[in-house]
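Note that the chains take the letters A, B, C and D in the order they are written out, and that residue 1 is the start of every chain.
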Amino acid sequence: MNLDEMKSFLAEQFPQGERFGELVELEPGQATMRLSQNDDHNRITPAHQRSTIMALADVAVYAALLSKIGPVSLAVTSNLNINFMKEPSKSQSILAQAKMLKVGKRLAVGEVLVFTTGDTDPIAHVTMTYAIPS
Amino acid sequence: MNLDEMKSFLAEQFPQGERFGELVELEPGQATMRLSQNDDHNRITPAHQRSTIMALADVAVYAALLSKIGPVSLAVTSNLNINFMKEPSKSQSILAQAKMLKVGKRLAVGEVLVFTTGDTDPIAHVTMTYAIPS
Amino acid sequence: MNLDEMKSFLAEQFPQGERFGELVELEPGQATMRLSQNDDHNRITPAHQRSTIMALADVAVYAALLSKIGPVSLAVTSNLNINFMKEPSKSQSILAQAKMLKVGKRLAVGEVLVFTTGDTDPIAHVTMTYAIPS
Amino acid sequence: MNLDEMKSFLAEQFPQGERFGELVELEPGQATMRLSQNDDHNRITPAHQRSTIMALADVAVYAALLSKIGPVSLAVTSNLNINFMKEPSKSQSILAQAKMLKVGKRLAVGEVLVFTTGDTDPIAHVTMTYAIPS
């Protein structure tokens, strides 16, 4: 699947997709999502931001995985581990760069580094495991 | 802090709080949050649900922690690990039962079991670490 | 499998088993391992202790899992997450109490609380995921 | 600290150090440990191997951290998350390549990729959090 095909597939899968940002890069086993933080900033809490970061990372690994195995909509996250390392700026976009570490027959493992644009120190690191249906 | 005081504190901290559900029980070191899933069900994706479950667990541990150390709004999540164990029903409320495992001077660790109402098999298990400011 | 059958099975599986302690309790989906720390105490480093605690928890979940599904020697750990909460005393035994949270067809999830004898504050909490062969 | 200074420091810290392998590379914020698997192969169980891999990764992150902050022997692991991705060959050495993702005043986060020599597919991926004493 190329970038445009993946965008179409994600748009079908995530009808509320804007909340999950935009797919901006796709290579075999790698995907980058970008999310603008353009809503009512005063109302964004740290728990909202963490939740948003986790969702963005979740979808980024999903895209990275599907770039290898094709549009299998039933792949299911079984484990997610996240280390939060830095308060994100509320005025910058968030970038989630996902890379698959393993794509097996039954399990896939990916990792994600999350940044705010213009900063080289990551705000979070995520590992995720997906169970792949037979 | 008792249940009503904590509800008021969370309402201040989370102006978009409804998305994070309602605090229904509070004991020292323990808290239960409940979230109704009453929106447009056809539009809820698994990634949305996972994100919602993580946010609910995050706030539940926060409440459980504050029940021990008081209203410290700066406590920061440093690590979250979640195992997803079962697809949640979309028509049931979600319950997150949090319990602190450690409340130290600098680090606190809590765990959360997440259920849908009327089911004894958990849909997810979460552990979280909070860094407590000096 | 009862306690004695499981002890025999573990002894076969782990010919160096003493390093992994002794199975002291077994219920369906639950197992407790105990490890005496009786070697050269001055030479035990924190990294050794952490490694020992992880191995003890690993085997405790394995026993708890097998108590539900029988002697499947090929079940494979896919994820382990551990929070270290307290320095263990070097002069006490270590107890690892494992409980299965989910036993599915393909994945099983268990958690472990680790104590030193005579102390009610846990020294560590572990969650583990096992992949079960078809 | 350069490679030789770090080797001396680790040798003091880990009097049973051989079990934890040999430091083979050190850059600021990065360290590689190598462990030969040259004992009685028939007696190595998967649980032993997992325990060994976790200990090797633990020490590799410790060395990577100390390369940034100097010889602080009291830094304490608070969280370790590991995904096991491939059975390691028992006849090859194991390489653990650690890299710090964050080195803050109170918390440090590192990740480790673990390989067997001659294979580009990792056998495990580890993230660790260290609490740094004030």
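We adopt the following convention: a contact is a pair of C-beta atoms (placed from the backbone, for glycine too) under 8 Å apart; a residue touches a chain by one contact, two chains touch by 3 or more.
Since the structure is predicted, the reported quantities are computational estimates derived from the model, not experimental observations.
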Fitted rotation between chain C and its twin chain D in degrees, CA, nearest 5: 180
Chain located farthest away, centre of chain B as origin (C-alpha): D
Interface residue identity across copies chain A, chain D - same or different by half: same
Distance between chain centroids, defined by C-alpha means - chain C, chain D (Å): 22
Distance between chain centroids, defined by C-alpha means - chain A, chain D (Å): 28
Averaged-CA centre spacing for the pair chain D and chain B, given as whole angstrom: 33
Overlap residues in chain B, where contacts from two or more other chains coincide: 78-79, 81, 83, 129
Chain A residues touching chain B - in the complex, by the definition given at the top: 13-16, 19-20, 43, 45-48, 50-52, 54-55, 58-59, 62, 76-84, 87
In the complex, chain C residues that touch chain B: 79, 81, 83, 85-86, 101-102, 104, 109, 111, 113, 121-122, 125, 127, 129
Partner chain B, residues of chain D touching it in the complex: 78-79, 81, 106-107, 129, 131, 134
